[in-house]
Structures are given as structure tokens and as C-alpha cells.
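Take a look at the structures below.
Shared between the two complexes below is chain A, which pairs with chain B and chain C, respectively.
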Partner chain A sequence: MATLNILVLVCLSYVVLLFVVAFAADRAALRGRGKWLRSPIIYTLSLSIYCTAWTFYGAVGFAARSGLEFVTIYLGPTLVMIGWWWALRKMVRVGRSQRITSIADLISSRFGKSNTLAVFVTLLAVIGTTPYIALQLQSVTLSFAAFAETGPDVGEAINREVTAFWLALGLALFTILFGTRNLDANERHHGVVMAIALEAVVKLFALLAVGVFVVWGLSGGVSETLARIDASNIARWDVSASRWVGLTALSAAAFLCLPRMFQVMVVENEDEDHLRTAAWAFPAYLMLMSLFVVPIAVVGLDLLEGTNPDLFVLSLPLSQGQDGLAILSFLGGFSSATSMVIVAAIALSTMVSNHIVMPIWLNMTGGNAVMSGDVRQVALLARRLSIAGVVLLGYLYFRISGGGTALAKIGLVSFAGVAQFLPALLGGLFWRGATRAGAMAGLVIGSLVWLYSLFLPSFGTGTILSDAIMHDGLWGLSWLRPQALFGSEGMDPLVHAVMWSMLLNTAGFITVSLLSFPKPIERLQGAQFVNVYDHSPTTGGWTGGLAQTEDLLIMAQRIMGSTQAQAFFASAAGRQGIGGYLPEPSPDFLQSLERELSGSVGAAAAHAMVGQIVGGASVSVEDLMAVADETAQIMEYSSKLEAKSTELTRTARQLREANEKLTQLSRQKDAFLSQVSHELRTPMTSIRAFSEILRDADGLQAEEAGKYASVIHDEAIRLTRLLDDLLDLSVLENGQVSLNVQTGTLGDLLDRAEAAAGGNSGELEVRRQRGDEGIMLSTDLDRLAQVFINLIANARKYCDAKTPVLTIESRLSGEMLLVDFIDNGTGIPTDKQTVIFEKFSRIGDTKAGGAGLGLAICREIMGRLGGRVTYLPGQSGAAFRVSLPVEQRVAAQ
Partner chain B sequence: MGKQVLLIEDEPNIIEAIRFILSRDGWDVRTHSNGQDAFEAARARLPDVIILDVMLPGKSGFDILTEIRADPALADTPVLMLTARGQKKDREMAERAGASQYMTKPFSNAEILETVRQMVVP
Partner chain C sequence: MSIDPNPGPVFVERRAYRRRRLVDAARLLPILGVTLVCLPLLWTGERDAPTSTTYAMIYFFSLWLALVIGAALLSRRLKSEAKSDTADAGADAVGGPAGDK
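Up next, the complex of A and B:
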């Protein structure tokens, strides 16, 4: 008979063996030896932490209670490994390229490095895992108890709580020793992985051994066993389709979402290709694990009716006196339990320390990573305390719950809890549109439903949720009954909870994602995650200023340790072709540093710390390209809108311009009519007044009468001239004038004009350079003469010099004939020079009585002739230049 | 000695005509043909009636009228405004600026005589 003492001894020896293996593996990895440590087989075996004590013992119990239903627990992961191999590969790739430390880190990193999200995932993971750890402790203490019961010294029946306590302590110690040797999660835990792999072998071997013993030892062969199975109730057990599908889906989801699975599958992964092997090897392992479950259950039910079916694996050999086999079986269960607790503690402690303890600590110390103490020590301490805390929580849960509930049920409750990560996880990996708000909404809704409909009721009716709530719903609302939400009565409580929590979780995730708009960093991370195969494995980049490298080194030393940090900096400097320890803070360097740090403290914290020292985050070209892919469509659409709006603006502007033009034209017309009225009424006033005087006044002297008559005469002529000018201008402006092209010399034309303008009579002296005036012209000579006459007459009228002189100079300039009319008066003020060509513009007193149309007519005529008349500033007096294209002249010759 | 009328007008023939008409009626006609210092001329002479053309070189008749009305010594002096632009707008502007009477060119001699006479009666 095996005594407890022997059992304890075996146990301790086994633990020592694990220590040695873990230690040796760590040493080997440290020295760079032991390639086999990184083999796909080890990876596959490490995945077997999926099979905890729950599956080791519980599967048989499950089968004994619910028949073939236990298969679903193995079916889910198998389907994932085989059918979802590509999804796993993507998850692993993302995890490696982003240096993800945990599932909380993955979700937080994907959704804009949001720490809130990470904290929430961490808390939910802790809540979901704690019962599971308690479950392991319970299974070990139960197995101890099983030995004790059969042992001779029943009197020393051990205190289960004490056993659990020592077990928890030992596990915490082991985990701290081997789980926190390296701070950087990417420095993989070779020792732990190796120990787990060994345990995986032990538990498989133990279960197979028990199975072989049951089939060939107890039943007497395969055919007899099959006959026994046929005879038992297990084969006939009805399995409801919904529960079957629900459990399979649940275990598949849990396989992806369980923090410990994520730890071994993604974080501890050495090589993406290991997944290829695991894709067939792990299902094979599961198949072997489940091979003898039914026979053991059937035989156990036969032989040990009334005992706890969860312990058949152990109690069957014990009852048959097979102590050696029983001890082996015990070790198998022990292995299952310990490996699960160790990995779960590592995974959870990483999450707790990176997302809860470190941010709080960084915040408390003013967030200044450079000035404060040794971050490395703090991080390690945080992780160690977290491990102890997680294991302690499991122990407390075990103490409080009393370990009464069937093992399998607790496991499923945990599964359903962590399965809430699934929508955010898969959505984050495959859907660019997923946003932080969406992930948060889905997680919150899903976990609330899970808590209310499954987790709290799992403590038993009346413990936390009262009978009233269970039967009548929260606040008496029947649709809020925890196990019949929205009136869905008659469902299996587990399937019910899983269905509603996942449904509402996914719906919340998708709806809020669609409604919310992602921040730039979310879009960047989204592109990095979803298109992990297309884009550079970089995250939001940095641009570093100078003189920050030293600060960075100080910080990195505190986090990574001096030697490692210095080596990292030195090699970075070497790559840049610089000696010493201080490389240029190039974006590449900063990025690799951030990734290096994120392995130790998580992406969010590393991002924050580097950001603090370096300053603003910037975006690399590749990142921009990634985002551009998506934004291109939006841009196209918005540019169309923009084009339309530009068109509208242009049309509006054209309309406004047209309106302004019309208004201006109308104003001009008014002004013109008003001017015309004035110009006509003024002579008419004189004519009327004097004609009335002549008519009415008596006794006018002949001299007076003659004078008044000549005023009337002059004013009548002035009126006529005004009307002529107006008509002339109107014809010219309307382009109705027909040119009468003649040929003649410039000199003749000027002679004619001078004579018409009053010749050399009066005061004005006209000076000409006749030598230059032989140029032949072929144009409308009458019209050109009209211009010359006007200019000469103006000089005669307005030149205010004592002895007025008008100089007329002619010359050829390029292709233009230039004729300048320059007098020696005071000229025209600068501000008036542009308006003198306008209609009715007159400068100064109207002593000459002109209507102000002359220059306007000149301008129109020159325009018709293809030339122009301009004011020539900067001369001795008023100066006008008439320019005419040379072709007119050439054509004449 | 008749009453004094100050004629502010720039067209020589019109000055001649109005001077003839009013002088024969016994008015002492003074003339000023520049807008720039027309107000100063009025201020210096303090005439019984002012005849003011709207379009003057240097300064608009409306501006001169505003100055006249702002001056205590001239505020009550009757002002007859003459304009050659027969637009409604001009009449309104003249009334707003404080013109006592308003006439559009060309006017009849009898009309201007009658108007000027009436303006000094009260």
C-alpha cells in the first residue's frame, strides 16, 4: 500500500526533476546550445497545457456523467489547429513582429495601444483564470485525498487546505524562479517550456498506462471493452445538438483566447513553421489523450459505483492495488495541474504587471522613466508579486468555494469567460474597420452577460444571486432571468450563456466599430495587424531629436539591464557606422528600441516611455502607405465632392462677376446719361436765357444784342459739336465704323492736322522734326488725322506755359511707329493720367468748354486702327504717345 | 441799393445771362466762379440770396451748401440751387442738403426772377 509519505516523496522527487530539467534547459539556452529545445515537438508538447488536470481527471468524469460530450473539449482545438491554421499563423506573426507579451497586449496594441482595453482584458482574464487555478489545486488535493482514503493510516487524513496551501506555495516559487529570470517576454522561458514538455509526456504516458491497464488488465481486451461500452449508458446518452455545437465552439474559442494558450502558442513560439508540425501533432496528442477516456469511465462506473467519477483515473488503479500505476497516474494529474498553474501564472503576471502595476507605478513617479529608480527591478518585482498574487487568488477561491463543484463545470465557466476576447481578437486581426470603442463595447457587454448569466450563478443559487433573481429576474423583470435572458427558456444554462454573451458581444463590437471613427494610431495598428504579411513589421515610428540617446540609454539600462542595453546600443551604433554606445536616434533605431522595451513592459508602456523622451510620434512612409490604401477610396469620394463644390464656387463667382459687371455698366450708363444731360443743358441754358433777353428786353443796344446773338450762335455750335462727338463715339464704340484705308506720308498727315487744329495761329508753337516724317502710312488717314488734330488742339487749349510749345517727335521702335506729342506745360497730375481717356473727364477749369470726349474718341480710333494712344509720364509737360503697328506701314510700301 | 445776390456759377455765358436779368430788376449781383473758396466768398459778403450751381470746379455745390447751412451767419440765407442734371436724385440731394429752392437748367428768365424775388419776401 502506498503511503502518503511515499507519495509526498515521489512528488518532491518529481518536482526536483522538473527543477533540474528547467534549470538545465535554461543553461543550455543561455549558452546557445540545445537546438532541440527549439524543436517543433517541444512546441507541440508545450501546447498540451491545454490538457490540464481538468482534462486529465475531468474528461473521465465528464464522460461518466454526460457520455461522449467530453469529445467536444478536444474537438474544438483540433478544428482550430487544422482548419484555422492560417488564422493561428497570422496571430503568431503579429505577435512576433509586434513583440506582443500577452493577449491583453495584443488587443491593446491592435486598438491604438490603449491601456484601458489592456486593463479590462487583464481583469477579465484574471477573473476567468482564478477558478481554473483553484480547479487545479482542488484536483491535486482530491487526488491526495484519494490516496489517503485507501491508505492504511486513514487517521492521518490530511488537511486538504494545508495540502493546497503548500502546493500553491511551491508552484508560485517554481514560477517565480523560472518565469521571471528574464524580464523580456521575448527572451523565451526555455526552462519552463522544457519542464512543461516533460510534464506533457508524463501525463500522456500516465493516462495511456491507466487506459491500457483498464482495457487489457481489467476488461480483458479490446472486444470485451467495446462490449462493456455498448452495455453501458454512455453510448446511449443523448447529446443535444445545440450543446454539442456550443461546447465545440466554446472550446475552440477558449483555445485561441486562454491567456496560457496564448503564452505558449504565440509568446513562447520560436518559429512560425512550428505551427505546421503542431497542426497535425497536437490533434494527434489530443486524440491519444481521449483514447481511453470512455473505457476508463465505463469500467469505473461498473466497478466503483457511487464514488467521484472525476477521480476514476486514480481510483481505478488504487482499487485494484496497482500502487505503481496509481502513483504514475497521480503524477500525470499533478503534471497537468502544475503546468497549467505555472503557465497561467506567468501569462497573467505579465499582463498584470505590464498593464496594471507598471502604468500605475510610472504614473506615480511622474511618468519620468529616466529620473526615477530602476525600472527593471520594479518590473521584475511587479511580475513576481503578480505571480504570487495570481496563485494566491486561486488558492483563496479554492478555500472559499470549498472545492465542491464538479471539475468540468468550473472549466467551462472559465472557457466562456475568456471566450469573450474572441470577437475583439479576430476582429482586430482580420477587420480593418474594428475600432477601440467597438472592442471595448463588445468586451464590456459580453463579460457582463457572462458574469450575470454564468459566472455568478456558478457559485450556486442563493450564494451571490438570490433565488428571487434566478427565478424572477433582476428587479423582477422576467426577461432578465440569468438563465433565461430575453425569454429564452428551456436552454442549457451553459449554451444559453455562451450564446447570449457571444452574440451580444459580437453585435456590440461590430455596431460600435461601425459607428465610431478610429484614431490615427488605431488605423496604423489596424493596417499593421490586418495586413501583417504585406507591410513592414514596424509600428508607429519615431523621429528622434539629437542628444536624447543618452536619456534613452539610461532608461533602457533600467529596463533591460545595463549589459543588455549597452550591447543593444553599441550594436545599433555599429550598424550606423558609429563607435561607442550612442547611436543616432534614427527612426529605425527608436523603433527597434521600442520593440525591445515592449517585450519587457508591454507595447503601451514602451510607447509611452520612448515617447516621453523623444517627444512627438511620427509616422513612417510605409505606415502612411498602409493607411493610404484604405483612405484612397475616401479621398476619391471626397475629391469628387470637392470638385463639385469647386465648380459651384466657380459658377457662383462667375455669376457674381457678371452681376458686378452689369451693375457697373448700369452705373456707367447712369453717369453717362447724367453727363450728357449736363453737357447739353449747359449750352441750352445760355441759348434760352439770351434768346429770351433778346425777345423780352426793351431798349437793348445794338452792340449788346449782337453780343448776345453771337453767344447763342457759339453755344449752338458747341451743341452741334457735342452731338457730333457723341455720335462719333457711339459709332466707334459699337464697332460700326468702316475704315477707309489710304496711303500717305506721316509728314503730310501732320501738316493737315496742324492746319485743322488752328495752324500756327495763336500762341502755340509747334516744333517738328520733318526729317523723321517721311514714313509712308497705309491706314485710315482721316481717322488718324482726327487723333492728331485732337492732341494738337488739346495742347493749344490746355498748355499753361507762358510761351506754349508743342514738340512732335516721330520714330520707329521695333515694329511700332511712335509719334509723341509733348508740350511744355505743367502736364497732367499722376492720379489723373489714367482717367483722362474716359468719357467726360476734364481736368481743371473748363475754360475751353470741351465736353471731355476728345481723348475718349482718340482712344477708340487708335483701337480701331490696331494701335493705341497713351499718356507718356515723366516728360517736360503733358505728353501723349500715339503708337501704330509697323505692318500698316510696310503694307503700304 | 437793391438786395444783394451772390451767384456761384462757372459757365461764363450763364453768369452773363443771370447778371443781366437780375440787374435789370434792381439786384446787386455778385459772382463767384470757383467752388473751392465759394463758402468764404459767401461768408465775406453775407448776401440776401445765394444762387448755387451744383457742378462747380473744385467743390460740389452740395458740399458748399452743407457748409453754408452749418454756419450760423449763413444758416438762414435762402439758397437757390441750379443743376444741369435733371435727375430726381439730384433734387432730393439738394433738399436734404438744405436748399430753399431748386431749378433745373435750362430755366426761363421770368421763372428765375420770380423765384429769387419770392425767396427774400418773408
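Up next, the complex of A and C:
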């Protein structure tokens, strides 16, 4: 009993040590100290919760029964770890970028945040893990019992159930104390991880110590040990290939899917880079853990024939009187059991409270509490209760099952259960076509097959599944026998169950995924998971207060500009009474920063960005929707701006055109004024000169005086005519002219014009076709005559033929009267044809001093009369066409 | 999300090339491991005298050690490669905002 008392004392001291270590680690992490807490070695050691009491005690038992087959349980995880580049890296990256809290959360997030899926995964995980927790309790009580049996008072049997109860209570307490310190499941449990790392060292050391004792203490060296193995009944390398491959694959799958492994590997991961170290260090750990398993088993079989091989690790030192080593070994087993229970309880409680308790509670309270702060308290309470519940379940299972059967068997059943997550997990990470319906179908099918073919039969024939079902199949269908599904007889029951459950699971998953259509959020999440490396370039962790602030500063600099951001941060730090640029990330500061940023990128985006860095919340779909809304608003605004800008461009172009026109007009006006003054100046000059001669010259002969006076008279007439023309033009251009409509024939009008222009006198011969000229006109005949006069006078003036002839042709074309004036001169050069109707435009040197206003006046008159006068190119000489609309009635006469 | 229209350059500089081959090696190592773990299954029927457990033990622990050393070397190489990569990126990140001032 003394040994037992010492054992209890040592055990309690060890527990106190664990509490102290966890507490110190939490304190150190809280103060931002203790970088070593986040080292890759601690991460690797925390992975060692894969090695539970099942490993510590059970592996030896496994080896004693089946020889080397036990290594498959460690080779599977080894292969997964050295293949970290394939799956683990992606899993950890997704877990970090999506702020995943558990494997249920990962699968549900991937498939559109489906809570149904999460609940299902949680339930399956609880069903699969509960026996495993019971197994841990059992192994500790067994080891206690082993001590008690060898004690001096052999008769005093230890009450195993009481031991298990106190153990469960202590574990629940520890887990609640250090596992629910923070609400955020993404926050690392530094205390817990540290305690687990310590336990990992203890169990490795204990197992190695026992191994060394067995090999060198009991067997006398390596070669002797090998000889002993060769002599034992597990000397033959005789493994079933299907079990070998099946168990390796199963342990590899379970390593990825076990909730507690997910917890330490992904959720508690500080830095993705730690995986690099763990990739070789963890396989090394596993190798050391299994190095002495076979020697211990062989020596145990030799020395302790007939006792439980699962306890050889403990009973060997005890039987040899090595109490110190036995206590160490006991501590190793105790460490393995407790660390597994603690982490499994944390992982399961996170799942249970997040996916089952909280949704139910929120439903019951109508979701009103979301607004108030007591959600936090409720969530913490839910998690604590869940931990207690999970541990209690394990204890109840232990009580009910009574702790029978070999340890290893329960472990493998549990492995096969959680391995059902694998298709959904890997499919979700690597295949964008995987859908929620597919995942659900695969999980349901796989878990049903697992329950029916492995879990329920594991209670023993006749307990839950009757003999009849086991031998004849469900409803008497022989192909539904639990251990010979579809007629696959003679297989190992475990391999059989694993094969069928995984096969049907995967088939269901793929088939339903191919046939179903995912919801938008599933597709969104699918893209984010599968292409996680494109979406999350950052690998570093947002841990520690200052690191967060620094990241915030980097982000703010990108958005606000560095000077402004630095000033903002410095002033915030100043308000908090801190020097430098990095204030504490207090809620006030974060709120003001978010406000500041939302000025630049919109409220939702700012919230999401700050949330991403601080880790308060992940980007929800609502956030994304809000971002999209804001973006849409911005786009609408920018399209409005664009419309306005095109309008402005148009206006600007109009303005520019108007300006050009004005400039042109101004230029024309200047030209006009200078032309007019020039035109006025010439006659004025001659008038002045001749009038001066008349005044000053004495003795001027009457003949000369008369000549000079007539020059003055002519010039004055020319001046008057010019001024008349100008006046006329100005009146016409201003539209002030009033038309005096008369009726008359074209012929009369032409006669009048011909006479006014100087008749047929002189050298110009006018040829007319009088037959066509009987057209009645009803217009301002005086004005029209003015045009004709002008055209005839022009021909008289400018026709340069030897015998100038002007042909006047008139005809009706539809409702238009066309009168052509064609002379036989050289005509007007093409480049001048466009300018002849402009004011003061004269072509060549002027024989007769016209002012160049005639055609301009003609054009204006015809415009007033509703017709036009144009130059007619391509005739024998200069040709002008006067066109004028006539009424049909008048024309018919 | 869609297929990248730019599949990347055909020729990369020597360091990037080496890094890609390292990643290839890291990916292939577990496949080699699986092959070698399953190899002893062939031993059973080939000999009159069955293979001894000690023989298999020595084989497996040697294999295990080799895998650990291989993984350690690869991860060390990958680490140093990644370190220099992030160091470059870090220098850029620091230089960026400074250039804005």
C-alpha cells in the first residue's frame, strides 16, 4: 500500500505541476512574452496526443498479439506528415485563413456553412470519441489496479469506478479551467498546449526508460534482445496484406480526421512554418515511441505469461521491483490518457457548443440576445457544460461497458468512425465540384455502414445486434450480414468495415456531388478553400498585441497613405499614453480606425479588413454582400460621373465651336470694315484731290474744270452706289426687308433687267429663248429684277470673250423655276467658285470698279425669296443658276 | 478562379527552378514511403523459411529513419528557400511605404 500511497502522492504532484505549467504558460502568453511557447518544437510535441494511453499501453499488447502489425498505426501518420506538402499544408492554411474552429466547422464552412452538416459531423465525432475517452479512463484505472495488486495489501481491491470518477472530474476541471479561458476558439490555448507538450516529453521519456531497462537491464543487450524476439511466438514476419494496407490507410485517415488531431494541428497552429519542422520531427517522435514496443512485448510474454499484455509497460518494472521506473511508467501512461482526454474534450466541446447548443439556445431566445453582450457568457457556459458532458459521457461509457476487451480494438473502431470525414474533407479541399448534398450523402452512407458493420458488432454479438442478424443478415438477407456485406465473406471484420464504409462513402459523395447543383455560397466557399493559396498570401500569424497593431498599420498605410496613417496611429498612441506609432488595439482605437478606413473603402470592407486582422470575426456572407452593395453604389456613382463628364465634353465642344464661329465672325467683321474703309477711301481720295485742284488751281480751263467736276461727280455716284449696296446688304442680312409681292411674267422681268443693265448695247449679246419665258411669277419682282440686273451686268463686266455672248435659259423643273445665265468667257476658276458670293470678293483685276458686293446681295435676295443663286460649273463659261420656287397653279397658266 | 490565361513563363530562373524541384521531391517522398512500407508484403510467400520479425524490424526502423532524415533535409532546404523569399518580400514591403513619403 505504501507504493500505492506514494503513487497517489506522485500523481497529485504531477497534476499540480501540470496546473502550474499551464498557468505560467497562459500568463506568459497573455503578457506577450514567451516566444518559446510558439516554437515549432512545442507544436510537434503537442501533435503527440496522437499517442494516447492506447499507444502507451496498447501498442505493446498489440505487438504481443499480432507482432509487427502495430507499426501500421504509426506508419500511417508518418506518411501523412512527410507528405505534408500535399494535404496538411492546405488544411492548415484553410484553417487559418477561414478561422476554422473544428473539423465540423471546416466541413460545414466548405459546404456553404451548412449547420446540418456540422451537427452530423459533431454527432459522429462524439459517437466515435466517447469510447476512446472511456478507453483512457480505463487504462488509468487499470494501471492503478496493477499497482494495487502488487502492493503489500493485495487483498484490498481498489475501487476502479471511484478512481475513474475522480480522474474524470479532475480532467474536466483542468479542461474547463484552461480550455475555456477565452471564448474565441481560434485563440490558442497556450496553457493546455504547454501542458500537453510536457506530457509528451514525459511519456516518451517513460517509454524509452522502460525500453532501455528491458533491453539492457533484463535482456542484456541488443543482440540478446533480438535473439529473444527470434525465439518468441511473434518471431515470424507473418502479416495479412489486407490488414497491413488497411490499417496503415486507416491510421493515416484518422490522423487527418480525428477531432483532437485537428485541434492541435490546425486550430492551435501558431505558424504555418511549424509544419516544416513537424514534418520530420513528429515521425521521429513516433519512431522513438515504437522503437522498444516489440522488445517489451517479447520480454513481457516471456516473464509475465498469462497477464494482460496491455499492461506490460507497467507490470514489467513492477514485477522486477523497479518501483521508481514503474511510477515513471505510470506517469507516462497517465500523461497519455489525460492529454488525450483534455484535447478531445476541448475539440468536441467546441463543436457541440458551436453547432448544437448555441444554435438551439439562439433559437429558443429568438436571437434577441445577439444584440446584447451576454452571448459571450452563454457561449462560455455552453462550452464548459459541453466539456463536462463529453467527459461524463466517456465516464458513463466506461461504467456501462465495464471496461472489457482489448484496448486496441476500441481505438481502431473509433478510428474507422472518424475516417468517414475523409472523403468530404479531402474532396472539399481539392475538388471545387464537391457539394453539400454530396458530402452529406457520403457521410450518412459511410457512418451507417460503419455503425452497422463495426461499431454495433463491437459490443459483442447479441448485445445490440442479435445472433440472427449477425449470421443471417438484416431481415434475413444474407448480403446484409454486418461482417460479410454483399457476400464478402472471410474478410477481417475491421478491414471489411473500413473498406465498405469508405468505398460507399466516397462513391456516394462523388455521385451526389456530380448530380447536385451547389448554392452560391457553397461555390464561393469552394473556390476559397480549393484556391486557398491564391486568396491568402500571408502565412504569418496575427498573434500578440503589437503584431496586430503593426499589421493594422501596414494595412492602413496601404489604404490611407503612409503619412496620414502614421499620424493617425501616433496620435492614437499618444491618447493612450504610449510613445511611438503602435497603440494598443483597444476597442476604441479599432472603432476609430475602422471609421477612418471606411471613409476610404466603405464601412463593410473596413469592418471586414479590421476583423480579418484583429480576428474578431471572419468575413461573413453578409459582409461580402455589403461590400458588393457598396461597390455597386460606387459603380453607379461612377457611371453617373461618366455621363456627366461626356455631357461636359459635349458642351465644351459646342462652346469651342461657338467660339470658333465667333472668332471667324470677328475676323470677317474686321475684314469687312477694312474692305469698306478701303472701298470708301478710294473714291473719297479722288474726290478730295480733284476738289482741291478745283479750289486751289488758278486759271483752270472750263473744259478741264468740267472734266474734274465730272470725275468728282462720278466718284460721288460710285460712293453713293457703294453705300446704297452696303445699306441694302445690311438690310437684307438683318432680315428687315419687307417683300412687295407682285405678279408678272418672267419674260417682262428679263426685259426690264436687260434694259436696266444696259440693254443689248455695247459688245455683249444677250440670247434668250422667249418661248420659255411665259411663266407667271408671283414674288417681289423688283428684287428679282435686281438679281437679274446684277447677273447681266456681271457678264457685261467680266466676260473676257472676243464677242461676249450671254445666254439666258429658263425652264421649270418640278416646282422650281431655273434661270441660267451662261456667258462664253473663261469662267471662274474652281478654287474661286466658293468665295464669289462673299462680300467684297472680286476675281482678278477689276476692269470695272465694282465693290464686290453684287453677288453677295444676289445671294441674300434669293435667300429672302425662298430660292437660291448658285454657280453652275461645267458650262462653256461663267454660269449662274437662279432657282426659285413657283406655285403649280401659277406655272400652269 | 477561372483557368489562368497566362500559364506562366516556360523558363524560370535557376533558383525558382530548384525550388520547384524541391517541392516535387517533397511531394514524391510520401509516395516512395508508401511503396517501401508495402514492399515487405511481398516477402511472405517467396521463401521457404519465413522472414523473421527482427529482420522486418530492422528494415522498418531503417526505413523510418531514412524517411525522417529525408523529410528533415527537404524541409530544411525548403525553409531556407522560403526564408530568403520572405526576406526579399519583406524588404519590398518596407521599401513600399517609405517610397510613398
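One rule holds in what follows: the second predicted complex is superposed on the first by the 524 of 893 C-alpha atoms of A that agree within 3 Å, B and C clash if a C-alpha of one lies under 4 Å from a C-alpha of the other, contacts with A are read in each partner's own complex, and residues count from 1 in each chain.
By definition in this document, a residue touches a chain if its C-beta (ideal position, glycine included) is under 8 Å from a C-beta of that chain, and two chains touch if they have at least 3 such contacts.
Everything quoted here is computed from the prediction, not taken from an experiment.
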Quick one: is A:G67 in contact with chain B, with chain C, with both, or with neither? Answer first, second, both or neither. second
State whether A:S513 touches chain B only (first), chain C only (second), both chains, or neither. neither
Mind working out whether A:T163 is in touch with chain B, chain C, both or neither, as first, second, both or neither? neither
Which of the two partners, first being chain B and second being chain C, lies in contact with A:N505: first, second, both, or neither? neither
Between chain B (first) and chain C (second), which, if any, makes contact with A:S109: first, second, both or neither? neither
Comparison of chain B and chain C by chain A residues contacted: C
For A:S339, using the defined touch cut-off, is the partner it touches chain B, chain C, both, or neither? Pick first, second, both or neither. neither
Partner chain in contact with A:R276 - chain B first, chain C second, else both or neither: second
Of the two partner chains, chain B (first) and chain C (second), which one does A:V294 touch, if any: first, second, both, or neither? second
Overlap of chain B and chain C contacts on chain A, residues none
Residue numbers of chain A touching chain C in their complex, please. 67-68, 71, 75, 78-86, 226, 229-230, 234-239, 241, 244-245, 248, 273, 276-277, 279-281, 283-284, 287, 291, 294, 527, 531, 554, 557-558, 561-563
Note which residues of chain B are touching chain A in the complex, please. 10-11, 13-14, 16-18, 20-21, 24, 55, 57, 84-87, 104-110
Name, in rising order, each residue of chain A that touches chain B in their complex. 674, 677-679, 681-690, 692-693, 696-697, 711, 715, 844-846
Touching chain A in the complex: which residues of chain C? 1, 23, 26-27, 29-31, 33-34, 37-38, 40-41, 43-44, 50-57, 60-61, 64-65, 67-72, 74-75, 78-79, 82, 93, 97-98, 100-101
